[in-house]
Structure formats: C-alpha cells, structure tokens
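Labels A, B and C are assigned to the chains in the order they are written; within every chain, residues are numbered from 1.
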C-alpha cells in the first residue's frame, strides 16, 4: 500500500517551499490563512498551488491538510478518529434496587418483570432492567405463555464468571443464607429459596422471543401482565 | 525537488500501519514511547521497523520524526527554526552557574549537592537548584546512603524532551568524557567509571526520599506520562 | 571550598576599585580563576602544566592584594596551597614523598579538566535544537475523544445480601400478621347483637366465641366477646348467668331471659378432660 505516500504529479514542485509551509502549519497553534502564510514566507504567487500540492501529498495519509473556515491546518484523517479515542474504564457500583433485581432474577429465573415486582414488593424501574441488561449479566430468555406474553429474564455466563460461580446452582440455598446471617427469623411456611437454573432450555410455559413481534427482545415495558 | 518526499526502498511497507502511527504521533505534542503506541495500536513486532520507515519518509521534510525522551515525536526540522520566530517561546535565561550545574547533574547523575560543589569548586546557591527543579528538568532522585543522607539529583524526561535527546546516553560528548575519565571521582582514588543514569532505579548507595523528611514534591516534573 | 560563594550571593561592594571588581566578578571561585587563567595563558590542561598556572594564580592574587581587595577565604586557601605545591614541584623535598606533589598537581589538573568538560557540556547542551527554540512540537495537539466504558462492580456478597434483604421482607411481613390479633370489642358486639338478637334462648359464651370470624386469635376473640357482653349487660340489653365460679357463662337477650317460659341454661358439669372452658380462660386472660 505504498500509495498512501502520495507523490506529486508532473507539475513542478518547489520542495523547499513545501517544507516551509509544512513546518509552519505544523507548529502553529491555530490555522493559518494565505495572508498569515505570506507574512511569514514572503509573497509568493505559487503559495496557493503549493498548498494544494501539499494537500495532495497528505491526501491518503494519517494526517490530512485541510482548509478550515479560518485557514489551513493539519488534521487527523477522519477515518482514524477512533484511534485517538481514549477509552477510560470507569468502575460503577450497582444501585441497591439493581442489586436486588439482579438477585431475584438470579434465584427465580426465568422470571418476568411483574414477578420481580411481586417479590420485591415495589415496582421495578425500566432503567434498572436496562442497566442489568447492559452489564451483560442478565438476558432476556423468552416469553411467558400467558396474557400479555411478558418477557422472562435470566442470567448469563458472564454473570457466572463475574461472580465466580461455576454454575448457577452454586448460589447458596435457604439454609446457607440463614447460616450466613443474610436471612433472619423464622420463615413462614411455604417460604423457599428456589434452586435456580439458567440453561437455555425454555420452561414449559416459556416461548422463544419471537422475531415477529418486532421488539427485538427488549423489555420495552410492553405487556406488563396484570399483577397477581 | 521531488526528493523531499522520500520513498521507501524495497522493504515491504504496511501503509495503513504507517498512517495510524503517523496520526497518533502527529496528534500529540509530547513523545510517545513504544509502550504508549502499542497501547493504542496493539502489539506489533513491526512497530519499530515501521517507525524507522516513517522516519525515512519524513527525513527531508519540514517536519521530522525524531527519537526523543525514550519515545518518538514529530518536530519541525531544525534548519527551519528561523521561520518560527513567532512561535518561539520566551527563552528561559539560565545563569552560567545554573547551566553548569544542570550539565553536572545530567552527566554525573545521581549526584549530591556536595558532589556538584566539588566539581564546580564553589558552593551551589540554593536558588540555582530551585530554578532547575522548577524547570522540570531536574528532580530529586533519592538519598545517598552516607552520613547526612544528602538527596541525590537527576534529570527528567522533560529534560530529554527539551534538549532533543533520545535518551540520557545520547548526551553530547558522553563517550569522550567517559574515555577521558572525567566522569570518575578524583583520579587517585581510581574508582570505576560511573555512567549517568536517569532511570528511577536507585543506586546501591541511594535510598528513596522518605515521606517523613519533609522534602515533599521530590519527583516533581519527573516522568510525566508521555501522552498528555 | 564549598562554604562561601561570593559571586552567587550579593555582589560585593568595592566602590574604590571599579575596574577590578568588574574583572573579578566573572569568576566563580578559585577553580574558575585557574581555568580562566589556563585558557588565557593557553596552558594545556591535559599535561601536567600546573607550575606555570600556579604562578599565574599567585600573580592574580598578589594583584588583588595590591588593589586591597578583600578576597574570599577559599581564594587565599588556594593561593597558599598552590604556593606550597609550587615549591615542592620545583624543589622536591627528598625527605617527604616528592611524588606526592606531582600526584596533587595531577589531581588539580583533573579537577580543572573536569570543570572545563562540564562547561563545554553545558554549552553543547544549550546549543542543541531546544524544544520551543530550535524545534517545535505540534502547535495544535489533537485531543482524542474520551470514551468511558463502564465496568460494573458487584460482589457475590452484595448479591446475596440484596437477595437476603428482599426475602427478609417476606419473613417480617408474615410475622407481623401473626401479631395482629385485633378483634375489637365493637366488632364482637356487632356479632353478638346479631346472634343474640335472633336467638330466643340462653347461649353459652363459648359458642358465641366460636361464632366469631375465623382467622383471629381465639384468646383475643374471647376477650372481645366477653367485653362486649359485659357492656351489653350493663346497658340492660342482655343478661348473663354463671352458675358457680369457673362455670360456663351463658348469655341471653334481656326480654327473653325475663320470660318464665324460657328454658334455664344447663347446669354446670365440670369437664372431665380438663379442657379450658370460657370462664377458666377468662380468668387467665
């Protein structure tokens, strides 16, 4: 790809003049107009042509010579802008609401938004589910076969990796939670901590997320089923 | 004078890689080290060769690719300095004493104040060292493990950058001075030839500057990251 | 020689001798003077040519003394030392080591060469293409856009803790329900009025308690029912009868209780199985 280093055509080239223009434009902290350049280089009728030549030299390069509103300047080639982009990692903590929702999804999956709300006893903000989907820890598994066909949520492999679980069944059960002091008091009868599973097989009352519903499997808040 | 645009020899050229390196180095006013570049471009064994190729491309241009301060940077060609009158920074007028002291620190580092004074044959005014520290060219490296635990001085990356040195080993005349034994202690003592080093590793007889001794801000100006 | 530096401190005042002051101010200590002398006298420092240099220095000091210039101590120390060195170099004392003087001379020459080399180095350094003077960096550095990628942090403990706190609410909720035995006297009275009002005979209080809505604490229902019946009896709308202490209580509408045709409540027979009856429970309540 040697052609990224453009060459001049047959037109006469004053290499020394190009060097000087190049250096001036490089070192100056603002774009230079023809007048600016002439003030520093001396009057030269060929200046504009030389600028065009220089522009050709840099046409396919990592930096381009561009004419901006207030003069001429070097700029990074637009297609390389991504290279300049600096990615900074920012660590963020999940909110308590998001942690609780995540925990409910982990234990009770596949679970619908309404079911999460029933367990939490408060509504789940749409943003909370969006954040959980963004973490990559939560995924939409399918749709519950019931009126409104609400989507069901489950956890992902990334979730297991992040929390260093070899399998979702490794989440501690009721006795472990009590033993760790995370649950206190006597649970009422019928209180249980489910043994979670996160495999891809759909439950009997789960349908795959259809392509034809046009919602791309988002949790769009669509079809929030009647609360129990 | 088309030859101002240097061409490659027969060696294979990855034009796209050169574009990317060019863009990165052009965007930054400070030198980028190989590590900096690899952080943005990904590991590539050819990087150093590509830098040399790019250096060749720019060899006769108004802007040159130079090795400076353990990194690479684009700089205007030295012969065009006269053109840059308006861009020129206010020159720091250093006294002869300060310039000499700087040279002694550069060539003899790590060096204590007493050693500087021995070489100069005269006391070093406190202000002289303060000025040098303020320029960012000199830093306090550590403490000499000897009675009084005097601080040792050395130079910084900013020093290399300012004086267009690729590394401390590039100090002008260093080899001659070494050959003449002028970097040694006094001759009758007959010590081995020490070479100046500006890396952070402390000498055997150097200690780190303690926090508790109140000389805070010891390493100011030192080793600022290459990218701004 | 590291103690005083007259030339880096305040310029010394020698108003009497302007010319010499100007001359001397360029020097930084005795080594500097020696170096300058070597230069002006073209004395080659690479060879041991200390003798002529020492003579030059001594002459310099003598001239300063003639001009009554107060010289810093280290200038004088150097002069004394050079005078001694000169005498030893010219006429080595066989008793002490003559080689010593030559070594000291070489030492001094080394120091001078070293200082000179640093001066040259400084000059070379500052004649390099200095950034911002001889070479220039990009005037308009381009800052890349900063993309922030969020990495979410949560530990397994956070997760379990959150789950625990959610499910804990369930446990607390259930326990609260158990603690809610509120069946008020007003409620009991409504039920009593309905049942007694439609009944034309004496009714055991225990039966009335049993008729209270289910799901409430029996003990609470008993207390409320008893309280309501006492209230109604006080108002005269019902009559209460108990054949003996701890015997079951019977309740009847006042008008019917007064009717001689109304059958009397059954006589008390203490329960053989010891099951608590209404009266007994009342005493405990």
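Just so it is clear, a residue touches a chain if its C-beta (ideal position, glycine included) is under 8 Å from a C-beta of that chain, and two chains touch if they have at least 3 such contacts.
What you are looking at is a predicted structure, and each value in this text was computed from that prediction instead of being measured.
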item	value
Chain contact graph, described as a line, ring, star, complete graph or other shape	complete
Chain nearest the overall C-alpha centroid of the shown protein atoms	C
Where chain B and chain C are represented by their mean Cα positions, the distance between them in whole Å	37
Gap in Å, rounded to a whole number, between the CA centres of chain C and chain A	31
Whole-Å gap separating chain A and chain B, where each centre is the average of the chain's CA atoms	40
Sites on chain A at which at least two other chains make contact	23, 26-29, 74, 76, 83-84
Chain C: positions in contact with at least two other chains	136-139, 142-144
Residue ranges of chain A in contact with chain C within the complex	23, 26-30, 73-76, 81, 83-94, 96, 99-100, 102-104, 106-107, 119-121, 134-135, 137, 162-165, 171-172, 177, 180, 182-188, 191, 193
Contact footprint of chain A on chain C as seen in their complex	136-140, 142-156, 158-172, 174-175
Chain A-facing residues of chain B, complex	1-5, 7-8, 13-16, 18-24, 26-27, 40-41, 57, 60-63, 74, 76-77, 80, 83-84, 86-87
Chain B partner contacts - residues on chain C that touch it in the complex	1-5, 7-9, 28-32, 74, 103, 106-107, 110-111, 113-115, 117-126, 128-139, 141-144
